[in-house]
Amino acid sequence: MISNREEVTQLILSAKVRKGIKWGKVAELIGLSKEWTTAACLGQMTFDKEQAEKVGDLFELSDEATAWLQVAPYKGSLPTAVPTDPLLYRWYEIVNVYGSTIKELIHEEFGDGIMSAIDFSMDINREEDPKGDRVNVVLSGKFLPYKTY
Amino acid sequence: MISNREEVTQLILSAKVRKGIKWGKVAELIGLSKEWTTAACLGQMTFDKEQAEKVGDLFELSDEATAWLQVAPYKGSLPTAVPTDPLLYRWYEIVNVYGSTIKELIHEEFGDGIMSAIDFSMDINREEDPKGDRVNVVLSGKFLPYKTY
Amino acid sequence: MISNREEVTQLILSAKVRKGIKWGKVAELIGLSKEWTTAACLGQMTFDKEQAEKVGDLFELSDEATAWLQVAPYKGSLPTAVPTDPLLYRWYEIVNVYGSTIKELIHEEFGDGIMSAIDFSMDINREEDPKGDRVNVVLSGKFLPYKTY
Amino acid sequence: MISNREEVTQLILSAKVRKGIKWGKVAELIGLSKEWTTAACLGQMTFDKEQAEKVGDLFELSDEATAWLQVAPYKGSLPTAVPTDPLLYRWYEIVNVYGSTIKELIHEEFGDGIMSAIDFSMDINREEDPKGDRVNVVLSGKFLPYKTY
Amino acid sequence: MISNREEVTQLILSAKVRKGIKWGKVAELIGLSKEWTTAACLGQMTFDKEQAEKVGDLFELSDEATAWLQVAPYKGSLPTAVPTDPLLYRWYEIVNVYGSTIKELIHEEFGDGIMSAIDFSMDINREEDPKGDRVNVVLSGKFLPYKTY
Amino acid sequence: MISNREEVTQLILSAKVRKGIKWGKVAELIGLSKEWTTAACLGQMTFDKEQAEKVGDLFELSDEATAWLQVAPYKGSLPTAVPTDPLLYRWYEIVNVYGSTIKELIHEEFGDGIMSAIDFSMDINREEDPKGDRVNVVLSGKFLPYKTY
Amino acid sequence: MISNREEVTQLILSAKVRKGIKWGKVAELIGLSKEWTTAACLGQMTFDKEQAEKVGDLFELSDEATAWLQVAPYKGSLPTAVPTDPLLYRWYEIVNVYGSTIKELIHEEFGDGIMSAIDFSMDINREEDPKGDRVNVVLSGKFLPYKTY
Amino acid sequence: MISNREEVTQLILSAKVRKGIKWGKVAELIGLSKEWTTAACLGQMTFDKEQAEKVGDLFELSDEATAWLQVAPYKGSLPTAVPTDPLLYRWYEIVNVYGSTIKELIHEEFGDGIMSAIDFSMDINREEDPKGDRVNVVLSGKFLPYKTY
Amino acid sequence: MISNREEVTQLILSAKVRKGIKWGKVAELIGLSKEWTTAACLGQMTFDKEQAEKVGDLFELSDEATAWLQVAPYKGSLPTAVPTDPLLYRWYEIVNVYGSTIKELIHEEFGDGIMSAIDFSMDINREEDPKGDRVNVVLSGKFLPYKTY
Amino acid sequence: MISNREEVTQLILSAKVRKGIKWGKVAELIGLSKEWTTAACLGQMTFDKEQAEKVGDLFELSDEATAWLQVAPYKGSLPTAVPTDPLLYRWYEIVNVYGSTIKELIHEEFGDGIMSAIDFSMDINREEDPKGDRVNVVLSGKFLPYKTY
């Protein structure tokens, strides 16, 4: 019996290590970006039926687990409010250190409102650099203005 | 008497509203990106003497306040661990929802290590889009591998 | 010297009690809903120049305070993550008790996504009832689906 | 052995995915609103004997699980004080951003007191809109005044 | 300038110590229980105009402070979520230790619902006892059942 | 193997629902108040041997579980510092809203000290009322003065 | 204007450093132990009129401040739930590391109940030791048994 | 498989209740104080091989469990930062209320430094008293001065 | 099925106690420092294939567990934000007490930037001393300056 | 009036920036290490009379402020339990990531006990390195074993 999506994420992670599957391969299999696909496998996005079946086959999931892949999950992938993992903490630190800057510059350009985290995409790539390669990340989110009413 | 950098940030913000200064203009004045300049004005980066004097003149700061601009500040620009402001929360949410994805994909590409938040730059721009303009953000951080010893 | 919008909110609240102003009257003055107007006075929304001047006149604010009304504020109106005030706690309780229900029903109807809190309006009214009048609140938020990419 | 209502909620959720049951159907079965019914299935409300038996049959629960459906549960459906799930966070944000507004307007109309979260109902519907459909939610709670004594 | 009710509470407490006023006397003055009166003076209840003026006179408050006494306050009288003061902690401990008992017994007697903290009164008295006097407290709150809809 | 009292509480709660036992009946069985008896069953008080055996027989506990009933438990019956359950929250709210009042009035009557939560009893009853029945609770705790030394 | 006891504690500490007063001398002055006297000066105990006047004279307090010394204070002398100061942390650590031991041994000797922190005294002394002097602390608190009712 | 000391503590506690062993007896068995012995059994101190074997025999532990008794444990015996159990809370309260007093008096006598919680012993005894027996606790910790360098 | 690295850490710790393996021996086996090796065994660093196989053999891990040793782990080895274990707390205390000093001195020597915790090594040794041996720890981290852009 | 050491720290920091004083110079002035001297200036250590006077002269402190330098301060130099400043966070991260390793290795070498943070010294230096200079830190703390009693 499976009673939440988190258990399916555990099954996927376990199979991934056991079988040596790469996220890039999963993305190719379903024809979407590696970012969205990984997020979905990790229980942050919802697969449609066809995608779920491909993923279920790849990771050898039961029908029940495959059904859970099509249910909108309870999102949030960090075990604590402030992440302890150094890679993730650096991202939290960027928000913490540059947060007021981001707020000022978006408001200066767009006025009051937000950058959507729903109508949103992310692209993570290697940027070759002789002084040491860099991680290059492009975030694109629709600007949503607060409206008066 | 000024006893911390935070007080200077307050002076800058107050002068900015009173005099209607734009961050873009401050950046032009010191010849650096608007992102770094704004972060520095908001007490997250350190100005050198020449930059501090230009900024001090613009915001009509005292010599004492201008001296503080050259002191490495206690960083962190959010009043709470989880930000309450909707614009900033969306960034925190991106880290929360996509955190495990970011971790998996950077490790898949680069191995164990982090994306630096120190040897780091950020570029925020408007991306025109007929369905509504988007905020486009490019983050670039050097990959730092964990080494064995 | 005013260094944040919160100080202006304090000035408005002080003048409101001293002069006996009603929120409904402020809303009439600027021709918008009482909900948006009150939120803006309390430092959660941004006035444009004309609105700010009307509000500034009514509450007898200085030019500097009036300038701050036009700056996008750092939002969040509760002093603690879980509100201690009984009226506000009941709203937090509704989210806490009905939260999983709200999530299930919106996903059942719309699929994965959220109800926007930005493209959003709220209308609070008295609902007469012989067994005791009721507070009737209508919330309307655009549904924003997660997209694949 | 079942020792709390939460375990029964897990059984219901598991059966729901496995058998593809819709909340709307459960509501029809017991003749109440989809909001109350879903809340009750998720362990936030208490079924009477007849309702419990219908629900138990539908989800193929044991007699022991069905008995638990008739016990007043320990309520609260969020795993953390500030929800991490984006859909639920937007609701928390509404309380956070509009909280002081809600408090001011209810007191302006009704005087000191609260909007009940017990003598309360909620109605969630799709509001069609050419610019994108909206989630329309009506909350109705009895006003309870503080009394002097 | 007074910008919140809390400041008025400080003025009342200061005057009380300076002038040696007893809460019992304040209650007599306005003709209500000492419990409600003290709560109102401490910024947890709202005075009407006549009561506010009597209280204002007694504590020699300004007209502005007296006006604030008639505004519904942001309630909550403890500086931390778990009180550090031993007298108050014992009350928190009662809720903590006996909480599950209270919940079981009220539900056994009344079914699912709550004991109101709004339609509520409290009476604190000395109970003489040869083994040492006791504090006797009677709490009376209307039972509010959850309703189906 | 049972390694803490909490497990025995789970066994009791499970048996209670399965067998439909009322707390009032348990209290009658051991000849004490329903309040103390329930608290003891829920792992907040300690049974003596005779009481433990009666309770063990009623709930069909093993000898090991019955032995645990006679061990002073680690007390505290709430899963979080601020309870999420609405019935329990109302009690926490009473302490929060009326806390400063309770402190002032007990000190005004008794001087510095506390109301004991150990030499303490509680009595919960239905108070019939044509406007809706009320929960009537009497708390009685010995006053313990701070002594000089 | 003084609005809480904490401000008087600040006045006492300031005068103590300025005038080089020792706690032992204050204790002699009012004829009580140095432990109780220091706690009272630091706002944790309540002086009677005669004691307050002696203390007020010594620290050159105003009449208003002296009046506050006779008011039962809001107790709790640590700025955070877990103390950061190393001396105080060691005491917290003793409770943390030896807590379960203390609980087991007091219950083994006395049965269920507590060691009072109200009917309590403390005596702190130097214990000479050739391997380095020791701090010797004697705590004495009345045992208060839980009673059945 | 045992993977931490905590599991062994559970085994000891379970055997203790099942077999009715007293801590005083365990202390006699290994020839040390009841305080140290209990702390060690509860996973806060480390047994040497001989002690571990005696304890293992008494509680009928496996060889693996006995091996764990000789491993320095991760210490800390309270489930929450502020203990909910009334007996333990009173100790926390002593630190909270008397903390600033303890700090002042140790510094007045010894200068800057701490009372060691490592080179430390504790002795808990019954102090007979006609007004009710008392718990008498002697704490002895080496004073460790901060040194300049 | 293994679904996270933490489970493998548990397997290693269990085998270590059962078989009496020393960390120093593991370090010798893979030819790296005892500090890095221990951190890697405890799930904070990533082994390469050859190292993982040696470690897997030594601790008799399954192939699946050995595969997990080569996956970059979710780092962070403390169960709480402030460690309760006395040895670890002392390290946290050093950061807490000396934190502002460390920040001032590194900035005075190097300017604004950080000491890397990634390009970092640690060496822990016994420093013999007639007054009692000392723990000598050398930390070496690359200085990373903030750059302007 | 100065009522705590923190205010003196603010005075020192303000004078330091205004007058351009280096910590190294302060250390020379009083003839101790730069680490201890900085910690003492920042309110974490206690100066003796002679040191305090030299420091007071340098920073042009009043006699009252100079007197406070000789009072053992309430220690702890971080504003939050988890530091937000990137330089300090890296130190916290070292404790977090390497904490279990430090614990294992110190226990393996020394047995159960701690590394003292009181009988402790720290030495921070620049370590020249062609790949980028490094921060080299030596920590030396006396090992304090837990003793049986």
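All chains are identified by letter, namely A, B, C, D, E, F, G, H, I and J, in their written order; residue positions are counted from 1 within each chain.
As a working rule, a contact is a pair of C-beta atoms (placed from the backbone, for glycine too) under 8 Å apart; a residue touches a chain by one contact, two chains touch by 3 or more.
Just so it is clear, the structure is predicted and the values come from calculations on it, not from any experiment.
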{"item": "Path length in the contact graph (chain B to chain I, fewest steps)", "value": "1"}
{"item": "Intercentroid distance (Cα basis), chain I paired with chain H, Å", "value": "28"}
{"item": "Where chain C and chain F are represented by their mean Cα positions, the distance between them in whole Å", "value": "41"}
{"item": "Interchain centroid distance [CA atoms averaged], chain C/chain I, Å", "value": "48"}
{"item": "Contacts with two or more other chains, residues of chain C listed in rising order", "value": "35, 71, 74-76, 78, 81-82, 84-86, 93, 96-97, 103, 107, 113-114, 116-118, 144"}
{"item": "Every chain pair in contact, whichever chains are involved", "value": "A-B, A-C, A-D, A-I, A-J, B-C, B-D, B-I, B-J, C-D, C-E, C-F, D-E, D-F, E-F, E-G, E-H, F-G, F-H, G-H, G-I, G-J, H-I, H-J, I-J"}
{"item": "Parts of chain H lying in touch with chain I, wherever the complex brings them together", "value": "1-4, 64, 67-68, 71, 74-76, 78, 81, 117-118"}
{"item": "Residues of chain F defined as touching chain E within the complex", "value": "22-24, 34-35, 38-39, 42, 44, 75-78, 81-83, 85-88, 90-110, 113-117, 120, 122, 124, 126-127, 129, 131-144"}
{"item": "List of chain J residues in touch with chain B within their complex", "value": "10-11, 13-14, 17-18, 20, 79-80, 82, 84-86"}
{"item": "Interface residues, chain B side, partner chain I - complex", "value": "32-33, 35-36, 45-46, 71-72, 74, 103, 107, 111-114, 116, 118-119, 121, 144-149"}
{"item": "Sites on chain F touched by chain C in the complex", "value": "82, 84, 86, 89, 93, 96-97"}
